[in-house]
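Each chain carries a letter (A, B, C, D and E) given by its place in the written order, and its residues are counted from 1.
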Amino acid sequence: MHIPFRLNLTLGLALVSLVILGAVFAPLLTSHDPILDADLMNSEMPPSWDHWFGTDSQGRDVFARVLYGARVSLTIGIVAQAINSTIGIALGLSAGYWGGWWDDVVNGLTNLMLAIPSLVFALAIMAVLGPGVISLLIALGLTNWSWSCRITRSAVMSLKSQGYVQAARTLGYGDIRIMLTQLLPNIVGPVLVMATLGIGEAVLAEAALSFLGLGIRPPAPSWGNMLTDAREAIRSVPWATIFPGLAVFITVLGFNLLGDGVRDWLDPRMQVRA
Amino acid sequence: MSGPLLDIRSLTIGIPNRAGPPLEIVRDLSFDIMPGEVFGLVGESGSGKSASALALMGLNRRPLTTLRGQALYGGQDLLAMPRRSMRKLRGNRISMIFQEPMTALNPLARIGRQIAEMFVLHRGLSWSEARPRAVEALAAVQVPNPEDRARAYPHQLSGGLRQRVMIAMAMACRPDLLIADEPTTALDVTVQAEVLRLIRELCEREGTAVLLISHDLGVIAQMCQRVGVMANGRLLELRDARALFTDPRHPYTRGLLAALPRLGSRATEGRHRLADLDMTIDRNAPDFAATHLIPRGEPA
Amino acid sequence: MSAAPDPAGAPILKVEDLHVRFPVSGGLLGRKRILHAVSGVDLSVQPGQCLSLVGESGCGKSTTALAIMGLQPPSSGAITVEGRPVYGPGAPDRRARARLAQIVFQDPFSTLNPRETVGRALSQPLMLHGVRSRAERAERVATALRQVGLLPEHAARYPHEFSGGQRQRIGIARALILGPRLIVLDEPVSALDVSIRAQIINLLMDLQQNLGLSYLMISHDLGVVEHVSDRVAVMFAGQIVEEGGWREVFTAPAHPYTRRLIETIPNPARLTGGASEILPPAPEPPSGSVFWPPVDRRPDISQPPEPSVLMSIGEDHRVRVRKI
Amino acid sequence: QEVQRGGTLNFTAPYGSSVGTLDITASAEVQTEIVAHAMHRSLYKWNPETGKPEPDLFTEVSVSDDGLTYTYKLRSDAVFHNDKPFTADDVIFSYNRIATPATASPSANFISRINGFDEVQGGSATEMSGLKKIDDHTLEITFTASQDPGFDLMQNYVPIYPSNVDGSTQATQPVGLGPFRFVEHVPGSRVSFERFEGFFGQDDQPYLDRLNIMIMGEAAARDVAFRNREIDVSVLGSQQYQEYQADPDLSKGLLEVAELFTRVVGFDTTKPPFDDKRVRQAVNYGIDKQLIIDKLVKGKAFPAVGFMPTTSPAFDPNAQGYAYDPEKAKALLAEAGHPDGIDLPVIANQNESWGAPIVEAIIPMLSKANIRASVEPVENAVLEDRITGGDFTSFIWSLSSGPDPLNILRCFYSKTAQSACNYTKFSNPEVDRLYEAAQQERDEAKRNDLIRQADGIIREEAPYWFFNYNKAVMAYQPWVHGLKGNPQELAIQDYDKIWIDDTAPADRKPQ
Amino acid sequence: MGRYVLRRLLQMIPTLLAVAALIFLIFSVLPGSFAGTMTGGGRRALSPELVAQINAQFGLDKPLPVRFWDYLVRLVQFDLGTSFRTREPVIDLIAARIWPSLQLALAAMTLAVTVGIPLGFLAAMRPGSLLDSVTMIGAVSGLSMPQFWLGLLLMYVFALQLGWLPSFGYGDGQLRNLILPAIALGFAPMALLARTTRAGVLEVMSSDHIRTAMAKGDSSAQMVRWHVVRNAMVLIVTTLGLQIGSLLGQALVIEKLFSWPGLGSLMVDSVAIRDIPVVQGTILVIVLWFLVINVLVDLVYAAIDPRISLR
């Protein structure tokens, strides 16, 4: 298939792959350990040949922490969003397809999730489960599905009167089978776009929760807790905040651009019917 | 006036292609329209009818581009005209109605205003001066209660009424040429008949020429004096309408006519298989002899 | 209901006094209205025959079709396919119904799932209906494709790789795959252009002959209808206004609405002096009655229809009239 | 330089993003205390220089021989903001109000030694029998123990409210005896005051026309505002301390004080392996606290020797703290039967100088001594709940260690509940004996000596890893004068003694 | 229409009750208690009597269902209860904060609307142009920047470096104090609006009635004025509504940073010390605001789109 050159798609892909490659090949890219190589004697050193991004207040290599932090932050971003998308799609599909009271319930729930600041939920879940990657995944994965749900639901409502859905029913397909085999494949486009955007949001949300001390367990690195730890030192030790900040920025930007690109890319194909 | 109103010469429309020669959607289309004439353009779906009509208005969307050719209107080439002068012609001297009356009107503006816009644009009237003229225009297309209807929104009208509004709009400035791109395809048979009658009456009254595009041979037969048959981007046959229907020359045209189930034919001929035209023409053939028919249906 | 002649035994489809009403809300004030989309329709299709339902847009044809397919629960009335009710306590479930009747939709573009290969679209239902063997499924898919004039290789393709006519063929193949005896065709050709239309019509006629299918065909294209049907029912504003054998209806149309439909069909034959250029004069309604409803005053379907009856005016020809 | 009168001072309340209630008797928050000190006065006041309570609302006091009955001669020149003259009734009213169980006042602790307190709390009386009005300006208070009541009654938490105002209105419309009169509270942003002309202090006091206490929880925002000269005073964290010290201009306006707070990691001394003092000592030996203070706390602390801080009268200047000696730590562990080392899970909040970051820093140090430390970050509310509820193996916290050393020693008394302040469930018969003796001892020097001895035992027993004593640092603009280093809480200043000169920004300087 | 609004308002009641129940549930399983925070952060010894008194005073000693029932009974009498922390009626605490909160939200939204929508329009008029790319990448960047850093950046630049505006505080509610927090808060919605507007305008531009307008001879400017703006608004209003609706709850970081007396920081503070009645109250207000905005959005829809009837 001929993919026309698109700035956002290319740039988005480039940034995202940069971050993912960094995370995957972290051990090859740096010889420093992000946790164990802490040496207070060596703290707050500016960027140098040995420490490309300098060292933080605990004397750890910021470059190594940014790379290894990418593992945590990306995992959280991607898995949490996967959970969100799954919930959103499941609820949106069933509500849009079945309608009736179930639709009302899901709709109410969606509104609720949109209206209550998601931080409150996340806070509650984190406080109950305690800090850590798993709790973060649960906290961020259960609280941000309302958008996917809305989009899925409205897509399903317009799709369900399509001939092929009707045909599937007359062929004896069960409801669940129709949702999974007929509807789901046709809404992946917008849902995928939503998901790429959501990944960026989850990365930012992890940072926000770390701010409140509810991120992952230190001293394990995540961009969120790196930013939190170093925020007071933004003047005197700028490298300790700028680099993780840049990493968050690049990741969110990358996924946003990717999402945009995917949408632009899916658009024309939807218009031109062979 | 003796010469043609619009003279189209070798119109070629294509999609530019960085790597190679452009993909030509319409190739070397030439025909002319006389003042006051109803000229029909028929052809199967995708044969390039709309693309040609839109090219005349300069309205083709990217990536479609007019590659070659001329469309002479009063000595000027529409295809090479600056945008500004083209805008003055559009709606004013040449106007157009589209296939889908449901979406062709702005859903958020009142009917009256959308018609009045024509007078504001081309007659320099103020909105308040234009409003009564819009009501008149509605009355002219036999819309009942034109005063009330002018205040209605498109969704409050039926498809037939909407198409009348489109016609009222197109005829508002008494254009020389009306391009009607499948004006009735979306309509019901009974409504279709009314709309077609209306177009014909109006044009006869105002002396407006019509370029009527359709793939419905019945519609064309009922309306047109001359007909061009298009297939796969090429013009195959250009004939007087009666002659075309009684004595089609091109095998493709013959096939088309044979494929038509004719009302009343069962009584005389019994229940028979319709002639099956599973062919199209080779776009790149130098001329359109029967030998250049190729099997269709394998999309690129 | 009036007894129709019954030459071939039990009808395969029987619709009795079907009513479908939609609640719609209108206007700023949100007052609820009832739309009487279908008001008392009776139909029956004999095995191996084709009944056509014609009428203008919005008169309730599709609603009737959906009701027959079990997709639109009727407000009242009974529908039986091969003697088994479609709704109600004794109704077979969705899967069993699928083997009784199938439907082909109007729009060839939206009837196929763009993300599913044709082969999958055809073999999934088989699997669902208990055909476990992969080879057997492939065999039946190939047969169905061949029946509609496509090649077995086409099974691997996606819908967007087919032209409109080909897609409509696939739609028909899908309707055939479970071997139903009744197929409902909801405007199967109106979205196609002339040449392709002919192919599909030919195909439908061939299939009927070869497989002994029964059709309920919905259309507003009288040219097509005349060509293929055995019987014709003309629908107007939710009611049947004229019904009979194709010959009766087309050669002696009685109801003003039917006449108007035939009149307004643009027909090249007119230009070339074809047969039906001049309609025969309209028969008079039986004395003491008028044809109902009047065409110049379209009935408001948000009101229940005024009482009227279908009256026999010929051997196999009935028209809706109202006593005066 | 001569004192100038007038002008506006923008002071900061640096702990959190709002002041809750304005009624200090209903709150235990420093934010409220900072605000209350501008408006209210208590019977005694604290003299940061001597570290002792001093008379404030009374001029003379006589103590009975048994040390239980105090007769106060109250000031006759004090007036409330609502013009009511101050009398003995106001003291009685205020103390009884605090003691009433219906007010559920966290200040009740401070008056719990007044006779009749328990009856009021129990509901069998509405007024404390220990409070007796002799005349308008003479008040007799009887206590249940002979401890000096000054430390308790000087607290900002036990202010004197006017008896003719319903106490419940104090939350929003406070009326007091203090130098400043309440003007406006913009919750989450600031509290504003104006000079109270009727204040009983020296004639020209307070100097300021207006006082704004700005609520600024974010250090970064405080930093910008201070540099931008929008606030006159800012409390510094360790990072900013280092930055301000390095700045030639800013370093001139730094006020430092050794605060009466001891930062510690506490162990539950009943849970193995921390029930063995050798294990607890091992932790103390295993950490290089000086390095952490230098590098992480940026020198904004004093290494701890024992629990009592350097500014405490019971501090032992000759005592030696634990030196950094990982080998010894390892040896102690082995001796205690843990040759493979131990796990040390620490619950911590996000505080930069006594929270998770500190634990992060001790992890690599302790790992050399075979102690596998880890941090469990929790929200502050959870931290407090878990510490007072005993739901921990160890925790890191900052504990008050003054001003009254006897009160502090009570936290190591085995009969003190864990939830009260004996968080480590410390129990040592010798310390108990010393505490009881000190309670009875009326001679201050001897009492402090007993406490010092107890502190030595505590150091040896090491229920805590003694980390540091806080150094509080305040930055002030060059035009601000009269600030004092208050080791109880640097941010609580005597606002009546602060004045600004005319180099202040135009909108705030004295006219 | 009045009836419609009334019905929509009545429909909010179950949602609000569900919110109340949910928050109640969350905080009943949440570790940490209000009485526990009475140590003042290690400053004060906490006597068990005090804990008991506090719990008794606020009814925390009663079983959860009883407390919830009591809460509901008070709620239907429009009584939001009493704050643990300040012992004032919750409604008073909220009243003190609601106006500054709305001020901030509306100012941020004004910024987002006045900058984001025109930018989106400009970008959509020249898709693929430099302006388009710059605007959209700028917009995406705006969404990738944590609020805290943006706020700090604004403080540094506009207060410290340029000295144009105060860096923090509410002042006496003047505009100068409002500007920086409003920009910090409005930036992300602005970016989002720019993107939505662009997408919406592009969609309208590709719809059939625009082709009609062109066939009528409209110039680009006339077309935008007569046929694009209003139609694009239909698509923009949803995003706008959701943004405005959630802004009250999203402002907390900005409020804390700028010492702005808003509801968001009240909520977070109250969560931190488990002042449950205040948490309940603020969340109910935030949710109510969201729902009211939703109704408004629907009304606006009906006003700009004649096809929509209010049901």
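Convention: a contact is a pair of C-beta atoms (placed from the backbone, for glycine too) under 8 Å apart; a residue touches a chain by one contact, two chains touch by 3 or more.
Model, not experiment: these values are computed from the prediction.
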Give me the chains shared as neighbours by chain B and chain D. E
Give me the fewest steps it takes to get from chain A to chain B if each step has to go to a chain it touches. 2
Is the number of contacting C-beta pairs greater for A-C or for A-E? A-E
Can you check how far apart chain C and chain D are, centre to centre, with Cα atoms defining each centre and the answer in Å? 88
Mean-CA-position distance for chain C and chain B (Å): 32
Measure off the straight-line distance from the CA centroid of chain A to the CA centroid of chain D, and report it in whole Å. 44
Can you check how far apart chain C and chain E are, centre to centre, with Cα atoms defining each centre and the answer in Å? 54
Among the residues of chain B, which are close enough to touch at least two other chains? 299
Taking each residue of chain C in turn, which ones touch at least two of the other chains? 161-162
List, in ascending order, every residue of chain E touching at least 2 other chains. 31-32, 152, 268
Which positions of chain A touch chain C when the two form their complex? 162-164, 166-174, 177, 181-182, 185-186, 273-274
Chain E touches which residues of chain D in the complex? 16-18, 20-21, 23, 26-30, 101-102, 104-106, 108-109, 112, 121, 168, 171-172, 186-190, 214-218, 220-221, 224-225, 227-228, 230, 261, 378-382, 384-386, 388-389, 397-400, 410-411, 416-417, 419-421
For the chain A and chain E complex, residues of the former touching the latter: 7-8, 108, 111-112, 114-117, 119-121, 123-124, 127-128, 200, 204, 207-208, 211, 227, 231, 234, 245, 248-249, 251-253, 256-257, 260
For chain C, which residues are in contact with chain B within the complex? 56-57, 161-166, 193-199, 201-202, 205, 220-224, 226-228, 246-247, 250-251, 260-272, 274-276
Sort out for me which residues of chain A touch chain D in the complex. 36, 38-41, 43-44, 57-59, 127, 130-131, 212-215, 217-219, 228-229, 231-237
